[in-house]
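The structure's right below; bear with me while I get my questions together.
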C-alpha cells in the first residue's frame, strides 16, 4: 500500500525529539527552551499520526490525540511566553541561568 | 524509489535539517524561523501520512499562531535580542549534547529492532475526515472537546493576568 | 492525495516565480554600493538610538487572544461541517463551547485587555 | 455557449491526450499539475499589472485627476514601464541587514498569495486542487504571509520597518478572527469546507442570506489586506513605508505584487463564498467570465474604499475589531446555528432546498433573521455609537466611543 515503512517515520520522530530535547536543555534563552519543547511535541505528533496511519486507520483516536496535543501546546506556549515577558519586565533578562531567585 | 519515498525524504531532510539549524543558530529570531521550517516539514509529513486535515491545522496553529506568538515575544524582549554577543548555550551543553545523541541512538536502535506492522490495506479516510472528527467531538469524544475550551479559557485568563503591566 | 500534490506544485512555482524575478533584476540592475546609500533610512538623518525599540505588551495580548480563537477554529470547523448530520444536541454542545470562549473574551474586555493603552 | 464555457477544460484535455502519446501517464499528470500552477500564477502576475493601472486610474478619477495617461493609450502601458523601472533599479541591501532573511522575505511573501488560487474555482469544473479543507487552507495561507512580513521587518534593521511589521501583523491577526468566524457561518450553512461545494450550494448567493456577514467580511477583508482605510502599517505620513521601507527595486515590487495578488485572491474568495462564484446571474455568459466580472466588482469596491475613507488610528482599528466585529460575528455564528437547525440548506451532505419556492422561503427567512440581528446589534451598540457622534459634533477626536478606557487612562 504505502511505500514508506512505518519505521522511517518513527526514526524521523525520534531524531526530532532528541534535537528538541537538546535545544530545550542546552539553550540559555528561555524562549529558545520553549522552542525546543515545541519540537519535542511535534515529534510526538508525528508518532501519533504515523501509528494512526499504520495501525488504526479506521479510528479517530490517533489524529484526535494529535489535535489535543496541538491545543495544549498552544496554551502552554501562550502562558509560558507571558511568564517570560513578566520576568523580562522585572529582571531585564530571559537567561535561565540568571533567573534563580527561587534557588535558595 | 517511488514518488512517495522521494517526498518523504525531502520532508524529513527539511524537518531535521531545520531542527539542527534551530538549536545551533546564535540568533533566537533566526532560530524561530528555522522552527517554522520544521513545522512546515512536519505538516508535509502529516499530509504524506494521509492526515490532510491535521497537516493544514499544523500550519494554521503552529505557524500561524504559536510561531507568531514566539516571534512577538522575541520582539518584545529587545535588550536580549539586540545583544549579538549573548552566548547561545548554558554551561551544561556538552553534557546535554552527549545525552541527546545517546537518546537518539537508543530510540533509533529500538525502532530498527522492532518488527512493525505494514500499512493497513485500504486508503485512509483522507476526504471527509473533518466531518468524522466533528461527529466524534459530538459523540464519543465530547469530554476532550469541552475540556479543550476550558483549557483555552484558563490559558487566556492566566496569560492576560501575567503579561499585562499593572 | 492529488489535491495536495497540486498544492505542492503551486508552492514550488510560487517560490520559483519571485526567485526568478529577483534573479533577473539582479542581472539587469546596476550595482554601485556606497556607505551612505546603504545607510538605514530615517528621513535623511543619521539613525537615532537603538533599532530594537521596546514594543508595547499589548501586541502580545492581541496575539494571545488571536491564538485562542485560532485554536477554536480547529474545533468549530469540524463541528460546522458535521452539523447537518447531527441533531439539536450538537448545537447545545457548541453553545457551551462558544459560551466558555465568549466568557474569556468578555473577561479580557472587562479587564481592559482589548484596549490600546 | 457550452463550448465556450468549457473551453479551458477542453484545451487542457486535448493537451494531455497529446502528451500521453509520447510520455507515460504519471509524467503527464505531473506536467499537468505544474502547468496549471504556472498558468494560474502567470495569470495572477498579469492581473497584478492590470490592477496597478486600474487602481491608479479609478482613484485618479475619484480625486478629479486623470490618472496615468502618458504611456500608451489611456496609460495602459504604464505597468510595463513600471516593470522596466523596477527591473533596472539598483537593489540596495542596507548595511545592518541580516542578508539571508532580508532577501528571503520578499520571495516568501509572494508564494502564499499565489497559492490562494490553487483552491479557487474559476469556473464550472475549473479548480486546480479541489481540497476538502479548502477554507482552512486559505486561513492557513494568510498566517504564512504574517511570518514573511515579520521577517522583512526584522531583517531590515530599521525602526520603521520593525514597527510597521509589528503593526501589520497585529492587524492581520486581529482581523483574521472575524473573517474566520464568518467563514465558519458559511461552512455551517453549506456543511462543507470544500469551495466547490460552497459554490454548488448557493442557489441564492450567500450575500442575500447573510447580508450582515457579507458587509462585515468586506470590511474585515480590507483590513486583512492592509488597505485604506486600514493601511496603518504602511501609513506613509507616519511610518515611511512600513515593513518594506528598506526594500527597493524589484524586491519592493515583489511586496507590491504580493499585496495586489492577495487583494485579487481575497476578491475571488468573496466572490466564491458570497456571490455564488462562477454561477451566472440571469445573463448566460461563460462561467469563468461571470467569475471574473464578480471578482472585479469586489475589487472595485476595495478601490472605492481607498478613494473614499480616511485612515483610522491603531487604537480605533483594534477596538473596532475586538469590541465590535468579533462579538458580532461570534453571535452571528450562534444565531445561524439556530436558524440552520430549523431551515437547513443541507442535510446529510445533500442540498435539501428545492425549486424557486424553496429558495424564496430560505432567502426570506435568512434575510429576516439578519435584519432582526442587525437591529439588535445596533441597539446593543447604541451608546458607544451615540457617544462617537456627539464627540464629532463638539469637535473632539472621533471614534473614541468604543475605546472608553483610553479616555480614563
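Should a chain be cited, it is by its letter among A, B, C and D, assigned in written order, with residues numbered from 1 in that chain.
Heads up, the rule we're going with is that contacts are C-beta pairs under 8 Å (C-beta built on N, C-alpha and C of every residue); 3 or more make two chains touch, one makes a residue touch a chain.
All of these numbers come straight from a predicted model, not from anything done at the bench.
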When C-D and B-C are ranked by contacting C-beta pairs, first place goes to C-D
Taking each chain's centre as the mean of its CA atoms, chain B sits from chain C at a distance in Å of 17
Separation of the C-alpha centres, chain B versus chain D, in whole Å, is 29
Chain centres from averaged Cα atoms put chain A and chain B apart, in whole Å, by 6
Residues of chain C that touch at least two other chains are 4, 51-53, 55, 57, 59-60, 63-68, 70-71, 73-75, 77, 80-81, 83, 85, 101
Each of the following residues of chain B touches two or more other chains, namely 50, 52-53, 57, 60-61, 64-66, 68-69, 72-73, 75-76, 79, 126, 129-130, 132-133, 148, 152, 155-156, 159-160, 163, 165
Chain D touches at least 2 other chains through residues 131-132, 136-137, 139, 162, 166, 173, 193
Contact graph of the chains (line, ring, star, complete, other): other
Chain C contacts chain D in the complex at 2-7, 9-15, 17-19, 21-22, 24-26, 28-33, 35, 37-43, 47, 51-53, 55, 59, 62-63, 65-66, 69-70, 73, 76-77, 80-81, 83-85, 88, 91, 94-95, 98, 101-102, 105, 109, 112, 114-117
Chain A contacts chain B in the complex at 1-12, 14-23, 25-29, 31-32, 34-36, 38-39, 42, 45-46, 49-50, 52-55, 57-58, 60, 63-64, 66-68, 70-79, 81-86, 88-89, 92-97
The residues of chain B that touch chain D in their complex are 3, 27, 29-30, 33, 36, 52-53, 56-57, 59-60, 63-65, 67-68, 71-72, 75, 126-130
Chain C residues touching chain A in their complex are 57, 60, 64, 67-68, 70-71, 74-75
Listed in rising order, the residues of chain D that touch chain B in the complex are 26, 98, 101, 131-133, 136-137, 139-140, 142-144, 146-147, 150-151, 154, 162, 166, 169, 173, 193
